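In what comes next, subunit A is part of two complexes: it sits with subunit B in the first one and with subunit C in the second one.
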Partner chain A sequence: MSNPYKISNFVRIRDQRIFHGEKKLFSCEEATHLKRFLKESYKFLNISYPKFHKMDALCKLGILAAEVLFKNMEIPTDTALVFSNSASSLETDKKHKILMEATVSPAVFVYTLPNIVLGEISIKHKLQSENAFFISDKFNAGLLADYSEILLDTSKADAVVCGWIEWKNAEYDVFLCLISKEGEVSFSEENLEELYRFENE
Partner chain B sequence: MKKIYLLDDAIISPLGFSISENLSAIRNKVSGLKFHENKRFDSGGFYAGVIENVTLNEHFSKIGNPESFTKLEKMILLSVHNILFKNPDLDKSKTSLIISSTKGNIDLLQENNGFPKKRVYLAELGKVIKDFFRFKSEPIIVSNACVSGGLGLAIAKRFIMAGKFEHAIIVGGDLVSDFVVSGFQSFQALSEYPCKPFSKNRNGISLGEAAAALLVSSKKGIGANNICLIGDASANDASHISAPSRTAEGLHKSIQNALQEAQITSEEIQYVSAHGTATIFNDEMESIAFNKSGLEDVPVNSFKGYYGHTLGASALLESILTKHSLLNNELYPSLNFDEPGVSKPLNVIENLKNTPLKYAVKTASGFGGCNLALVFKKEENE
Partner chain C sequence: MSDLRTRLKQSIIEQLNLEEFEVEDIANDEALFGDGLGLDSIDALELIVLLEKEYGIKLTEPQQGKEIFISIDKMAEYIEAHRTK
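Moving on to the complex of A and B:
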């Protein structure tokens, strides 16, 4: 199966490190918890976006990843977002569950949906585009590749950001790819899988 | 033209466990919304559409052991069973299963529920359904807030058009759990009486639970008339994560793109099945979107007065009702509508009306700024 699309760029956030493509962009050398890592990354990337501090960790990870992915480039307006994970918004769900015993907070409840991260990225980068959030027990390159290709083939999107964004217990794992006609790496299930595996090993 | 056929469907709801029971309730303006006691509310409770466990278990015991499955699983399994039972020749190796839910088995976060901890994951829900019916391929699971069910249908069309599979069963389901009740209450989004979509005196949503399943195919059915999905689009508002856009841009764009794909104009649309949650801002936003899209004179309804907001099931449930509306040439009343209450004019359906129908639009919007529009057409066989 061949198509005219390329993996133009990708971002990886995991184990206190941020990779832009294969280049390590940032890391917290000392072992630190997620909250601190998110804050340090925000500072490092020089983002000035007060809303960031209100978000749950899943959305913060998404905002950081999008910032890296879209750095110094013009993003097509119809850049679709096709994300996936296994835990949905479970960490924030657990937080809401605890608050249910006392006082529930709308500021927490609103983050009990996985697709809120798509909304946060859309707001930050002014993307009025196609969104889809898929749930699968593990990274499913075939689904992401097929669906992204369909969106591009049918002109429902000019470009696609697809990938995996997981926050489960204290662990986090982000892998997002920008798919467009620009770049060297062919867009295929195999290449998507390989890039995801490579950084995971 | 690129299209898929809506062949068969099933609804498990407080209004009944068959399509005919559901349609009959709607024709007779019977609502599934009832008062439920809950100490979270000063008023002592809230209105919601809840499926009775006794009835559910009675039905479910014909296909499985009610003790082995959660409430949501039983609803979903029954709806899919109803379709498979009526279509014994369906080739499951060519049929994809698409599951839409916002919160799945979230009620299992409660301790001591008798189910393994991992059962709270949506992927586990997928596995339960896949294994029960011995589907070959992994289910596709969509969790995209309140557009999930309709997006599942759009995704089915997109994959079928691309030749990835021939048929799909899309199933949507969500529960009225204390999890979502407490959350929507904290937003002050719940109505103190059964919700009143598009009305002047609306003041919030009523929640509901349902499972809806739909069999779609690249091939047309054998009946005299076939309903097909001929256009679909979604667009984010890029405006706010929990409030609808004041300019309705995302929904307007979705409708435009869906009509464009369907290659028809808004003048040809004879019916709009709206999201109509009955919050002040949602209904207002929709009225703006429909006016911008030239749909202000088209008969419109919301089914939320019958079912409440069934979250991840709603847009699929309402697509199924839209299908029957087209097939039966019936416009169903928008329950609990009193005085017009949105700033732009709308043609809200107040009473059951028989009229020839060919084209309809279904819309939905949700948290995260997502919007969806689907265009349906009735094809008459010679």
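Moving on to the complex of A and C:
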């Protein structure tokens, strides 16, 4: 039996481009280093949040994606966050390991967990909700759909943002969906998979 | 003394990734925490590391940080009096 939930909205960030739904919102035409792409995206989205500059790239990607996803919307404070990736916080872990040989940086150390991105988004958007961060080899639509549906069915959340947020070897791949009772596209494992593949094919 | 303050501001901007600030945006007597630059507890730890790395000053008591990291002026005065490099 199908559930009553919909994929209300989704955002995609990869290859120097940001998609809001199927519409391209922003792109850097020339080959650009991730650091510059993140800064240009921040400016384009007209975000004013100085703390952004202190974050690692994984958190910056999460903040940018949430900004697109939540734009012009009133987000319930109990909107749950269910994210996943394969590399965890590996890039920041590597940076921290190098710094440990000289002088450790507390500002780097605090990002040596993948779920920090959930906290950063929650702080920025004042969410007080359930959250989970799964590490899996590849995008696992079934896991995300099951976990999100349980949160919604058991009234742990009014809405859920679920998806994939990866940063590995200077490559990045973000796909986040807002799941609620509003929208046209049914929330199912198949539809999540299809939307994720939309830009990946 | 004013060179020290300028260098200190440059180091803080660089170390704390205050990308929206220039040296001239930070007044010598401006509060570094709270309503001023808006630094947080992680930034305080970074400032402790900065004092040790750049000026050879090792803070052992957390309370010391509260008294030193009030403003650029206060930090500069403390560095002048206690620097070992």
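Here is the rule we go by: the second predicted complex is superposed on the first by the 200 of 201 C-alpha atoms of A that agree within 3 Å, B and C clash if a C-alpha of one lies under 4 Å from a C-alpha of the other, contacts with A are read in each partner's own complex, and residues count from 1 in each chain.
Heads up, the rule we're going with is that contacts are C-beta pairs under 8 Å (C-beta built on N, C-alpha and C of every residue); 3 or more make two chains touch, one makes a residue touch a chain.
Please read these numbers as outputs of a predicted model, since none were measured by experiment.
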| item | value |
| --- | --- |
| Touched partner set for A:Phe44, first subunit B, second subunit C, both or neither | neither |
| Subunit B versus subunit C as contact partner of A:Ser105, first or second or both or neither | both |
| First, second, both or neither for A:His53, with subunit B first and subunit C second | second |
| Touching partner for A:Ala132 - first (subunit B), second (subunit C), both, neither | first |
| Comparing the two partners subunit B and subunit C, which touches a greater set of residues in subunit A | B |
| Partner chain in contact with A:Ile150 - subunit B first, subunit C second, else both or neither | first |
| Subunit A residues contacted in one complex by subunit B, in the other by subunit C | 104-106, 110 |
| Interfacial residue positions of subunit B with respect to subunit A in the complex | 102-104, 106, 109, 120-124, 126-127, 138, 140-145, 151, 155, 158-159, 161-162, 164, 178-179, 182-187, 233-242, 249-250, 253, 257, 366-370 |
| Subunit A-touching residues of subunit C, taken from the complex the two chains share | 15-20, 38, 42-43, 45-46, 49, 52-53 |
| Of subunit A, residues touching subunit B in the complex | 81, 86-88, 90, 93-94, 96-97, 100, 104-106, 109-110, 112-120, 122-123, 125-137, 140, 143, 146-147, 149-151, 153-154, 156 |
| Subunit C contact footprint on subunit A (complex, rising order) | 39, 50, 53-54, 103-107, 110 |
